[in-house]
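I'd like to ask some things about the structure below.
To keep things simple, chains are lettered A, B, C, D, E and F as they appear, and every chain counts its residues starting from 1.
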């Protein structure tokens, strides 16, 4: 177990990811391409939803990753607060922009899907609402990182915000479900009520979910590497001044 | 009841500015911190006051024994001089506001809102706060800024009386305070060297 | 190009604090304002700089000739040293930022955000602003607060160079600036008497 | 080649276009920023190396 | 402790009316909304619970930056951090002072504004009760946000951005209590959830605020 | 002058995102109102024009105290008042900088928020046009309020209290343009009144602001 923490050493992290990143990046591109091409070109139209069912291959993976990204930031923040490994703080910072974009993709694909399905771009459905709130949490988190100069202070404050924010995000989700009954699908992979989703959709969906996971991983690794370098640059410039 | 600082390294903005600072302050003694602008006097005082963590070394002081006074005096503009002092007296659980007002020659200004004081008068009020904290160790950052010569002498008298009662004072200043009995610590000689490069690679660059 | 102050009365908080102040400042001269805390130095300087109206008396100075420097330096914490100076240089229509930076020994700090400067370094930046205004009359309120002895000497040199180029300086201070050639005006002697009670009835009570 | 999307052509292509576009922008941003930071750091370390 | 509370209240009153201004903002909002939305009583009655709660929330929000920023700027916070009182207590007292100067007056004046927005008669009791239960949470959550942004020059808008999402559960349950009350439905569940959020926030958040404040001071 | 504008924009960007935050607040308001009012599209569509305008107004309001207060506190305003630029120009430039960092982004993002509030499709053009015409007035009027309250410690709420009544005409005509637009009626009259208010405010108010500022400085 102790050996796992060694990857929290920036140097070790840089060395490992130097080799890992291209592999993950190519895997991400290939798997996502396979998933999306399969989904877009080689799936039948749904008897009720028509061709819009193809949107599921973007919508579900991105919504999933948007939530997972926040969970990953939460874990990384905890590690930073408890063990004070710089890499985890910087990884949390790098994950945030990826998380926002995933959230945005989820929102946009959902909205575009909603137009034909529900006859409206947007509805104050609880799942949609809590997703929008998640978007706001991302924005606040990023804004706080951007507003603070001192890197360690910024890491500490954003980590606490992430913890407190997670609790309130859960509360908000609960509140949203309390507040209105929605139009949105439940959390089972069943597109039409009563009928189980067909493997014709399920298989490409799983592929593109894996692809989005790999995209997230690749972008977070690349972002973390950049943040580590930026951090080192900052430290070096400060040393230069001191000399 | 002694303040003992041993081999202290303190940092500002993520970089060590002072290194290996050691001294001992016994009851009844004063230590004057000197050094050019930017050498780290404020940083040292804040570290000793417990407002920021030290990077290395030890600070031994009894709990709740240090009264810190910074450039900013924590004066509330809309409260009167007495009300300002009263608040700190109650917070620190002491009750000697009147004595402090007389001691710092603030009697004539006692009912004035602090915002109508001149720069030097405000400073006198800030120093009067020290008297109501009842704490033995004073850590003062340029306490005589804006004071005229009479007030500087008044302040020196106050510090001397505090020392005579077994108090201690740690004062960063650029001017002559008229406290010849105080020891002087030149902070210029403790300038931190750059941490060595390359030894541990990336991780070191963070500190 | 002379600054002529004649029988000036100035007020603070609705009450006159100084009365009958007169002096003339010719090119190449400096005048040091002295007086105990609260005697009205800040008030006088603000009046002369045109920031508050005088109650009586005249101030004769060419338009746009006074550069005022107060306790607060107007430094923007998030801008770098150069950017701070650059702004004032452009506002005053001059372009000599580089010279000012070198003159006040700020070269090493030039790219730093102003918030990371120590108290004395900030002050040096505040004084550098005077150099980029290009104005002949400097009205300075305790300019050497927080400066170490070297910086005070540096500043005295800057003032002397300004005087040699035909500039003027009006400096309120409590400490010795190392400008022996400057005249000194003791403001303690101009303390305003309270306006006589009852003489004009109600109307006076408003002034 | 292109599948027949029927009357939902606009919606589906819009969803794919916007999503892939956003992903591309994000990847590009990560990559460009990474490159800029890396260059700045290399430059800094090299110049320091020369000066001693 | 008492000294700190009294000082904060005194400052709020002297410095241009901490008491009056939260109120005034709330009032103005209740006036602006009919002006923006139009004068139909039915529409207004429908949206009144929500608008009143949103108004209370914004009125709280606007005065949040006072909680710590002034004390930070003039150095009082440094001095308080070295004084013989735990920072957690300082944070709680300051949140309490904020509630007394902002939340409490809002509660008291809310029925009048309900009148302006044609709130149904049955809802007044619930309005007051829900605000009474909910506004303490707004002050405590807000003081956490204020502690987060205290080092930043005029972090007012950043503060709003951080705090508003945290306010959402309180808002949802608070407004739900009032609108259910207005329709004569039972309000037990949202009311107890509201109380739960407040209790949790009051009990736990001061620790987070004190932690964050210590980080910002160093 | 250019230097001042550039400096203010730079400060807004560096000090934690002057650009983004006005926006974020606007967005959050558009989220809060449905949460408070309830999710029914019909109700929301009805109140959307009013809420969007009130939201724009509040987003402007929250950043108003930045206009002069920071410069006052650190002494820059004293120095600017003695610099060789007319104070009227300083005031106008600062209002312009405020508009660029706050008003303009609001205009650009407003259609998205219209979506969230189910604004009818016909109204989008009018929403953008009315905000584009009206927000400069908000900045100029706001800078007058900011000049009035500049001497007061954290006069944020007092500022709101003073400024909001002054915002009312702009709000009424602005919201009227949008809601008439939404119903497909003609909007000529409120639109030209809105433009008139803005033109008048931009032309005349800077003189009042400069006057007030001079009084506050002495």
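The rule we apply is simple: a residue touches a chain if its C-beta (ideal position, glycine included) is under 8 Å from a C-beta of that chain, and two chains touch if they have at least 3 such contacts.
Remember, predicted model here, so these are calculated numbers, not experimental data.
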Label-sorted list of chains bordering both chain B and chain C is A
Listing by label each chain that touches chain C and chain F gives A
In terms of mean CA position, the chain most removed from chain B is D
A CA-based fit of chain E to chain F gives a rotation angle in degrees, as a multiple of 5, equal to 180
Winner on contact count, chain pair E-F
When centres are defined as mean Cα positions, the distance from chain A to chain E in whole Å is 32
CA centroids of chain E and chain F: separation to the nearest Å works out as 24
Rounded to the nearest Å, the gap separating the Cα centres of chain A and chain F is 34
Dist(centroid_CA(chain B), centroid_CA(chain D)) in Å evaluates to 52
Contacts with two or more other chains occur in chain A at residues 133, 136, 139-140, 143, 147, 176, 179, 232, 236
Residues of chain F that touch two or more other chains sit at 15-17, 21, 24, 28, 31, 35, 38, 73, 153
Note: chain D residues in touch with at least two other chains are none
Every touching pair of chains is listed here as A-B, A-C, A-D, A-E, A-F, B-C, B-E, C-F, E-F
Counting only contacts in the complex, chain A reaches chain D at residues 36, 40-41, 45, 50-52, 54-55, 58-59, 62, 97-98, 101, 104-105, 108-109, 112-113, 115-116, 215, 219, 222-223, 225-226, 229-230, 232-233, 236-237, 240
Chain B partner, complex, touching residues on chain E are 2-4, 7, 10-11, 14-15, 71, 73-76, 78-85, 217-218
In the complex, the residues of chain F that touch chain A are 15-17, 20-21, 24, 27-28, 31, 34-35, 38-39, 41, 44, 115-116, 118
In the complex, chain C touches chain F at residues 46, 49-53, 64, 66-68, 70-76, 78-79, 83, 86-88, 90-93, 129, 133
Per the touch rule above, chain B residues touching chain C in the complex are 13, 35-38, 42, 71, 116-121, 123-124, 142, 145-151, 174-175
